[in-house]
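Next, two complexes with subunit A in common: one pairs it with subunit B, the other with subunit C.
Moving on to the complex of A and B:
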């Protein structure tokens, strides 16, 4: 390379025979033979490929190739078409479904309590449940089911708005839920709301003004505010209508844990009473998920730690 | 494309080796039969195994299980593979330091397969002169038939070699059936195809070029030679004398006559060159192309015997010994700094590997803390953390594992299963929860999980786990 061309040409390098300006020549260094033959082989391979697989676009259509693929479509019909990756995917999906079927059949045939006693089946349900949960539920309830205070309930604790038994969880998933609490800002005086907030705070052991607590307690159980209709005489809530237990340490709508002072906590409760709640909507999944998916999800949610 | 190009790579000159008889040739056949018997027959040997394939060696890649006789290995045992590779490397260094490139000459698969290909070639096409004649003659029916038969035989051997490699990765009898009815996995066909081609090309065509230009071992083994290392040497002083080697003619037939006229013992018959699979002349001295297969020793000894001269003109000897005024009897020299070093490294690593396998835990446990959420506050103010405990039964029988915790108050640990039966080679994930009161949660930040195999309580696994709670979080909440 470092030699000048005329020197090299004296060493009998093959040239094309063209000479310009007396000494300017064109070398002919042919490609290695094996390389050339490999190149020809790839051309022959490509022609075979065109004949077998879809290849050339022609206007708004294309050559389809002679190879065919047969698969079962979603309607259960056998379809034969030219070879294509979409059909290949369908074929693979059908294979996977057929492979999973015995497992899902077993899940369907086994009561919840029995699944919980069979380590291998339980592992299968939890693994399947995890992906179902991530695909369908995690957008609200978060990836671990921990929810978000003020928006979506935590599924990992032991407090349930609508009950934590298998049947109740399955019902919640299938038919959805709609939690509602009326707005009290229009109905009650600000002082009354403050009394109620103090009373509700005291139920969970948050330090509150005793005078306001007493007034709030009276109001809670009176027909003026009527809190006890839904939350119950003991303020422990009612699963049938999703009224939360106000005596425990779990908060969904009022962001009590975020505040460190009693005053802040009571203020958070006061806001909820003032505004009410009309966003506790869980969509119904009965039409979107198969019965076995719902069963798997029910077990998964139950097993997040809070199941009863 | 007319004329000659200067820089064209040199075409390989085919080497037609002459066959030879002798102790090195016998040793090489012995090694070949042993290696082929192990390689080709092992996958077909039945091997009863509980809950695993009935094949002595099977590397189940999709299942991530590696069965080697009664040992079942898992991906986490990859350290053993590293140790084995280290042992193999140091063993190679050790042997090379003692007796040169013994691996290359007697055991390397390139040597073995080339050797067997040459044997096939000679059985079909005849001895060296016949093969040279066939190579030079123009194409006719005889040449086409003999060369065709040779290549068909080579391809068959190559294919069976490749297929045997594949059955180390899949159940042999099942794959054999599937392979020929066309339902084996594509990877099996591809691997078999590539290896068939590679074997055919490497042992049929490239042969000594692999050793000279492709293989790194052959080249770096030369730096492991010490002056005391035994290697295939031509005794130059004895062979050349003062006036060089010479073919025997009238008056130069006996040793006395030759020595009197200053000629060496080498009768320059060229037999040592004709038998060499690397195509070299050992009389040019130690060279990188020599794979030290010892065939030239056999050839020379045969000639020495027939001439009535003493054997050992070409022999295993060391540079140091040959340089002595009167060479002593060659011997394996262990007293060499490097050889001793390799030996110690070898012994240590073998000991470590054996110890490691012997004390192998019958279970593998991974505890994953659930981090979404890191902790959960319960209705009564208690704090609960969740854990996934994955237990793998790496023992050779079905086992029941008991799970418990150390460093936690009574009743704090909740488990999906307190005892879980796991089949050999399988894994099960057990969900665990630890529930502590607010006070305890503030005090306890770590504890231990204990997983005990029921039949081997002394092999219990203990691992540390952390407990998180709001009490452990930094103060920084906004008010």
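Moving on to the complex of A and C:
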């Protein structure tokens, strides 16, 4: 390879006949023997490949190859197919399912209250729940389930819009939720909304104008505004329709914690009363997740700290 | 070689070399591609996949304009990890009305083939305006102008006609409309009727709350969110014969 030109010419190698710059020639060496044999070996390999795997098209079909994959389908039937990546996936899922089935069966058979009493099972549910939560729930409720004020509820506290019992959480996940509050900006006078904002702020101990609080309290319980229809006589909310408790200093739509002054906090509340709430949509997961996934997630969310 | 063939013939004749190279590549390409037009099951026979509504179609165009497909694939491969994360593997049938398809080849962001219905409209709006306000570790750029740019609906008819030319069953005549009614039902067929396309877009945008402003101005955000919410949820997997899908490959 690193022979000098004089050595090469002594070996009388053929050239292509091209000469550049008077003495630059292009040699025409035969291919190295190892290369030629490797080349033939790849051809033989290809023939073997055609025989084993799907390969040649013939009309509206193709050669399936001799290799087969046997998997168990959803109905429990054994199916044998020619080798292909979809069958390979079915086989792969079978293996994983067989490994996980004892755990999942146990999850389905164990009442929620009993899961925590079996440390091994609880570990499995929490680990599985964590990966399911990160994939499906964390985009809104955030990685730790702490939510986002102004957008998505915190799942780690004990304040629940639709209830924090296992059955309520499972229902919320399966069928989804749509939080709704009418826009009062079109119904009430600005002064009335201001009164209501002061009253709602006072429920959480935020310093507010006493005169406005009194007027707001009256309005809250009147048919004019009708706040008590949903939020209740005590303003403690109603799980059935997802109306939040207004007395617990926990805020979802009004970003009260972001404001330092009482005035700012009241303004944040006023905006929500004025605009209403219509974007509180939790998608339904019943079609996306399996029943056992939903049970696992329910336990996981309940276990984040706030379950009732 | 001994057969009297000398590679010098090709190597010293550039015209011949070009012709033979093109022939080799074309034959290889044709052998791989052409049989797919004839092999049964290349496009799986499943119920559900439908053409985009005019509003979704504009959303898809904006998705392309902004290069979303550079970072987001729309192709779930038949692997266990992908099935667990994204859902059922993608079918060719689900891309049958895509021209061109947007499978993509890189996943800087997650696959979007089954994003439809996974999150609320409000989430998509917030996330498109400022991704890090909802996903703190996201590296996706914001697309805030979608929410403020009025949707150009003037050329929707031309866009649909172009797709009709390559086989998407958008209807120009009453006859084609009737065929769509049979195939997709009256509501969708109305959407696919090109002469009414602009009206259909306005109706769909106003009837839904895609950009968070019902009856508000129709923006590009409406179209993009409508498109995203329709991705990958058209097939009812409970009614699909999985064994047939395996056979098809």
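The definition used in the following text is that the second predicted complex is superposed on the first by the 215 of 308 C-alpha atoms of A that agree within 3 Å, B and C clash if a C-alpha of one lies under 4 Å from a C-alpha of the other, contacts with A are read in each partner's own complex, and residues count from 1 in each chain.
Operating definition for what follows: a residue touches a chain if its C-beta (ideal position, glycine included) is under 8 Å from a C-beta of that chain, and two chains touch if they have at least 3 such contacts.
As the structure is a computational prediction, the values presented were derived from the model and not from experiment.
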Subunit B versus subunit C as contact partner of A:210, first or second or both or neither: neither
First, second, both or neither for A:305, with subunit B first and subunit C second: first
Partner chain(s) touched by A:85 [first = subunit B, second = subunit C, both, neither]: second
Contacts of A:123 with subunit B and subunit C, given as first, second, both or neither: first
Partner chain in contact with A:250 - subunit B first, subunit C second, else both or neither: first
Touching partner for A:144 - first (subunit B), second (subunit C), both, neither: first
Partner chain(s) touched by A:62 [first = subunit B, second = subunit C, both, neither]: second
Residues of subunit A that lie at the interface with subunit B and also at the interface with subunit C: 28, 142-143
Parts of subunit C lying in touch with subunit A, wherever the complex brings them together: 8, 11-12, 31, 35, 38-40, 77-80, 83-85, 87, 89, 117-123, 126-127, 133-136, 209, 212, 214, 242-243, 245-249
Subunit A residues within the subunit C interface of the complex: 16, 28, 54, 57, 59-62, 73-74, 79, 81, 84-90, 92-93, 96, 135-136, 139-140, 142-143, 148, 151, 278-284, 288
Subunit A residues touching subunit B - in the complex, by the definition given at the top: 11-14, 28-30, 32, 116, 119-120, 122-123, 126, 142-146, 154, 156-159, 205, 245, 248-250, 257-261, 264, 303-305
Subunit A-facing residues of subunit B, complex: 1-7, 9, 370-373, 376-381, 384, 386, 416-417, 420-422, 428-431, 433, 477-479
